[in-house]
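Please see the structure below; I have some questions.
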Amino acid sequence: MGNCGECMGNFFCRQKNTNVRISLPAVCLVWQIAMIVLFGVFIRYDEESDVKKWIEFKHTNNITSDIENDFYFRYPSFQDVHVMIFVGFGFLMTFLKRYSFGAVGFNFLIAAFGIQWALVMQGWFHALDPNTGKISIGVESLINADFCVASSLIAYGALLGKVSPVQLMVVTLFGVTLFAVEEYIILDLLHCRDAGGSMVIHAFGGYYGLAISWVLYRPNLHQSKRLNGSVYHSDMFAMIGTLFLWMFWPSFNGAITDHGSGQHRTAINTYIALASSVLTTVAISSMSEKRGKLDMVHIQNATLAGGVAMGTAAEFMITPYGSLIVGFGCGIVSTFGYLFVTPFLEKYLKLQDTCGVHNLHAVPGMLGGFIGAIVAAAATEEVYGKEGLIQTFDFEGEFANRSVLTQGGFQAAGTCVAIAFGLVGGACVGLILRLPIWGDPADDNCFDDEVYWEVPEDEESIPPVLEYNNHMIHKHQDISESNFSVEQS
Amino acid sequence: MGNCGECMGNFFCRQKNTNVRISLPAVCLVWQIAMIVLFGVFIRYDEESDVKKWIEFKHTNNITSDIENDFYFRYPSFQDVHVMIFVGFGFLMTFLKRYSFGAVGFNFLIAAFGIQWALVMQGWFHALDPNTGKISIGVESLINADFCVASSLIAYGALLGKVSPVQLMVVTLFGVTLFAVEEYIILDLLHCRDAGGSMVIHAFGGYYGLAISWVLYRPNLHQSKRLNGSVYHSDMFAMIGTLFLWMFWPSFNGAITDHGSGQHRTAINTYIALASSVLTTVAISSMSEKRGKLDMVHIQNATLAGGVAMGTAAEFMITPYGSLIVGFGCGIVSTFGYLFVTPFLEKYLKLQDTCGVHNLHAVPGMLGGFIGAIVAAAATEEVYGKEGLIQTFDFEGEFANRSVLTQGGFQAAGTCVAIAFGLVGGACVGLILRLPIWGDPADDNCFDDEVYWEVPEDEESIPPVLEYNNHMIHKHQDISESNFSVEQS
Amino acid sequence: MGNCGECMGNFFCRQKNTNVRISLPAVCLVWQIAMIVLFGVFIRYDEESDVKKWIEFKHTNNITSDIENDFYFRYPSFQDVHVMIFVGFGFLMTFLKRYSFGAVGFNFLIAAFGIQWALVMQGWFHALDPNTGKISIGVESLINADFCVASSLIAYGALLGKVSPVQLMVVTLFGVTLFAVEEYIILDLLHCRDAGGSMVIHAFGGYYGLAISWVLYRPNLHQSKRLNGSVYHSDMFAMIGTLFLWMFWPSFNGAITDHGSGQHRTAINTYIALASSVLTTVAISSMSEKRGKLDMVHIQNATLAGGVAMGTAAEFMITPYGSLIVGFGCGIVSTFGYLFVTPFLEKYLKLQDTCGVHNLHAVPGMLGGFIGAIVAAAATEEVYGKEGLIQTFDFEGEFANRSVLTQGGFQAAGTCVAIAFGLVGGACVGLILRLPIWGDPADDNCFDDEVYWEVPEDEESIPPVLEYNNHMIHKHQDISESNFSVEQS
């Protein structure tokens, strides 16, 4: 029944029914139609993607070449981010032996829904023209939508294998909504800088997922233990995810930073921090096994911690060796997390975190927020130049007189806001998800694609031609039959 | 014998011989040498890739920066398209349990040949300098060559597992040739716009493959039924293909559209339409199974229908919600196609379509052509601006006075031309492929890599060290032996 | 004991101990801390990535747009190169049935270390400001670091499965160091052009790995023969590596060539050469089997030879048909290498080359160096233009009066320097690696992830639910137990 009180037990503990034939199509179709209506009412092309407005914009601003269109500054980075969202996050979660369809398939589904809802939600907060009541979108909006949905995908990492696709749609609906609000508070009201989203994406998304998972605690999850692990090839698929995340993280952190030196510097800093994380991850992983053997879980995850932790500070003048130090520390912290903190959380806090998002996103994201605060507070006009300081921290308009020290304070406050939103929002969403209407699997049925997917016959049962033609009794017949009876149950 | 008349039966029905030791090397070497000769006679660098001409071009056109070179406008999109052709199409077809080598390997072979032949064929029609008799190529030519070969790869999808590599080389030779002709008719003579190729690539390629497959109908294909399906990991490999196609489709549709707002808008529209397709595909797939389970075939394919259908209209001002509606509809149409139309075609029209290209390319491509026609016909000066209308539809030279309504009519006509070329061309090529000289497999030997590849021993037969050292009798010995005897037969 | 003399036998032939629990963490942590110190002392942002300097740079050089930042010229190509290094090289080596973790994991580790060390070493030789004593880095430095580490990854290909991760760190430490020196000699002192690294990367890296492998010869490697081969799915993972290398090779060769027509032409030439290699590889592979069956080893490797061989000449005016001819020849040479030369080397020269880097990198790289020399020597002012000749071959400063013929001679000399560095450097490093302190595996333990990785249970042993719940005796128990006893031994 979980750790949230027994009083509602009888209501929540009905027999599990994983049939989603009504609920999943209904949610998909209704929400998609809602998106069409909302897009029809609100969403329009911005001045760089509308053919008429772009021609006018070029005349007005005396732009002679189409290469000045923001598309050419951001599209390559956007595509890298897009790969991270769909292949990176999707394949990173395929490590479970029999949940690869769910990992990559549900990741696909909720990301595809989330980016639409994010375009609307983020548009309302950031790009609504008060005169026309319309939202203008361009390539930067697409990147921000991908960013926004990333936080929900991170939350999925904590829930992997234990929830139904309908629940995931709910997680994403609320996750995107909460994201848009906390992002507005942190970036606009507090005027923080967080281009790579250490705070708004990773800290928020990590704690959001952990809070949901905490509320959904399954005391008998050990009944699915046989499936809660990897096999050789599923670990290889997960490495596809890891590597695409790792390689493209410089694009992630730099996708929406300032044109010119901003994007350039962000890429360099992230590249360096990530390289450093790999070495410390390997060191700690090897040190923790009696014969020095490496653990794929660490290589798949902790190597990315440096990228998460540089989400805020990468666009600042953190210096190359500063980036190395951040990656060094976060690789260690994250690997220790997998070794000690995740088991501790599960045992004592009743927190089941399938992918260990606590160690990969929550903690490095939080650290990244505070690192950003420190680097911001330490900024000087000597290093940035007067114009550079204004440009980097956007000290314009009502924030023209803010000092870097104040900025550092607000950055730290922003990190706390992100964590608070994640924890409180996740707890509320978790309660909603405990309603017995979402088709989630029983405790002995978790981590199993059979529940929501038509799974093909087993690898082993490819019969050689002769056996087949002779209609020999197939050695795996009993296995197939038992699979069948599971499906019927 | 197929559904094309029995009269030629005796000639076509000889014993199958799948030995391609002479024919495959001969075709590869002869055609490659022909390419060298043709390139030597015709192909030269264009003014943006030739070092001398580019320096002159900059002087002449008063260009101050190298960033104005078309390379920087198109190369990132080109690389995305390149990934779609080789990894996207290649891995999408790896879903069969024992035809993954053939899927990705033959895709690689015919794409590598096709792009060379396409550079020559498309060059003759579009870039031949009448004074020098030379074809100038640049990055846009590379993109167009990739596009051209895509139509042959689509056709391969209908034929997967049933043809020899030599036949595929023939399919590609004629496919590229037919493509260049229909593209010339549609884009130059009819002056249609089709930047993402709904008509010229998808409708043509889809119907081309279907027509070939219809002529090559195998009444006894059920003899290979044991191999005509997926296993768990082959479905995961196919998802790599799906996701890279899905993610990079905005680049596909926008790779050769107008600089500036054209590429920008195309990317946005395609991104939105694809997101919408995912949700309706999931909805219909879940609805069609008694417990709401999803089918990987639908997720792998129908989610892409929105991208196909936006191939023509994405560069127009279709509006974001228009894109959503297109994706919404095409996800539904395509999934229904997999559920009902493909089985119907196989049963009643004797059309065996291995990958279901009818549902993913032929029909969405055709719909995309008509959607483009409607959006073009509905264009107004109010939305596009005077200059924007000219720029978007290329109303210049002899077409300066064409109205948008006329343009819409021509777009629709172009779609019909593409379909006609596919059907008639495919039927003719299919007849050629029925000659008994191409080394295609027997009906009970389809979908099997053993026929054309040296396949390594089975997964299961990795012996643990001790067993191996003790020379224990291996439990799979009989299986290995039976494989061997198949190979000998 | 190997082919390097028996005298040191007793010292080198102690019992193998593969426990790296002390050495691996020690090497990783010490070297990473050294990097932090070196970065702190030397590495700074360059004028295009430092916020203050970039603002000043724009003022000084009268640059009006941020798009002129080198970032926008090179970042898309950089990301392609990055994918080649981590996914391309990593997955290309996953073809072994039980060494996929080691292939992709150790590739990841040594690349992450190597790029850091390369930034320092290459910086000392190429970007050290004599006034400040600081190294300035930008996006081109990141590309060069990736290039530099590529040579060590190539060397890993020859050693795959036979060395410990600690040895690989040593290979990389010296590999990067040697690379920086030979690169300085070839590019700066000899003033060669080698943008895609036929000489400095492929010829050097290939011979470096071969020399190490020769010194580390294992006469009893046949004891691991059961694991020195592929299985069906491991070949598919390797194709991911092959295709990403193949597709992005145009970016590799063009990443640091001249802005404008230079990068444009390089991409075209490489694209064409690679296409041609595929067809001749298929032809020779098919021709060499009695029924014309293709061998995955050839498709995975020899198809890339055209890209390697164009590393030097691709930026020159080699003409499109010249590129086709290069690809044609190198596909043949490389496939013949796999068929005849690798077995010959192993049998008669006692050279064990796991991935066949001799055929993919060493020989095509050497050929590429000489092809570059010939194309350079044949350059004319008629083709390049006066300004183009200066720009392409950098005939400026002290080299202003060099003739193209002299340049050709120096290019050929550079190739020899690269090979000499590889052979001599590799032999020395090989001797170091024979010290019995590095934890390398015994001869009957090679190609086995069990040695350095915690490997999950086998694919086959996923029990269906009913069997599990009934605690039935598991049919694979004996296999698991034997695995366990291997691990203990």
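Labels A, B and C are assigned to the chains in the order they are written; within every chain, residues are numbered from 1.
Here is the rule we use: a residue touches a chain if its C-beta (ideal position, glycine included) is under 8 Å from a C-beta of that chain, and two chains touch if they have at least 3 such contacts.
Owing to the predicted nature of the structure, the values given are computational and were not obtained by experimental measurement.
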Interface numbering overlap (same over half, different under half) for subunit A and subunit B: different
Cα superposition angle of subunit A on its copy subunit C, in degrees to the nearest 5: 120
Inter-centroid spacing, subunit B versus subunit A (mean Cα positions, whole Å): 32
In subunit C, residues with contacts to at least two other chains: 67, 72, 76, 98, 233, 240, 459-460
Subunit A partner contacts - residues on subunit B that touch it in the complex: 67-68, 72-73, 76-77, 80, 97-98, 226-227, 229-233, 235-236, 239-240, 243-244, 246-248, 250-251, 259-265, 267-268, 271-272, 274-276, 278-280, 282-284, 286-287, 289-296, 299, 303, 317, 319-321, 324-325, 328, 383-385, 387-388, 391-392, 444, 459-460, 479, 482-483, 485-486
Complex interface listing, subunit B residues touching subunit C: 18-25, 28-29, 31-33, 35-36, 39-40, 43-45, 48-56, 58, 65-67, 69-72, 75-76, 79, 82-83, 86-87, 90, 94, 98, 100-101, 104-105, 108-109, 112-113, 115-116, 119, 137-139, 142, 165, 233, 237, 240, 439, 451-460, 462-468
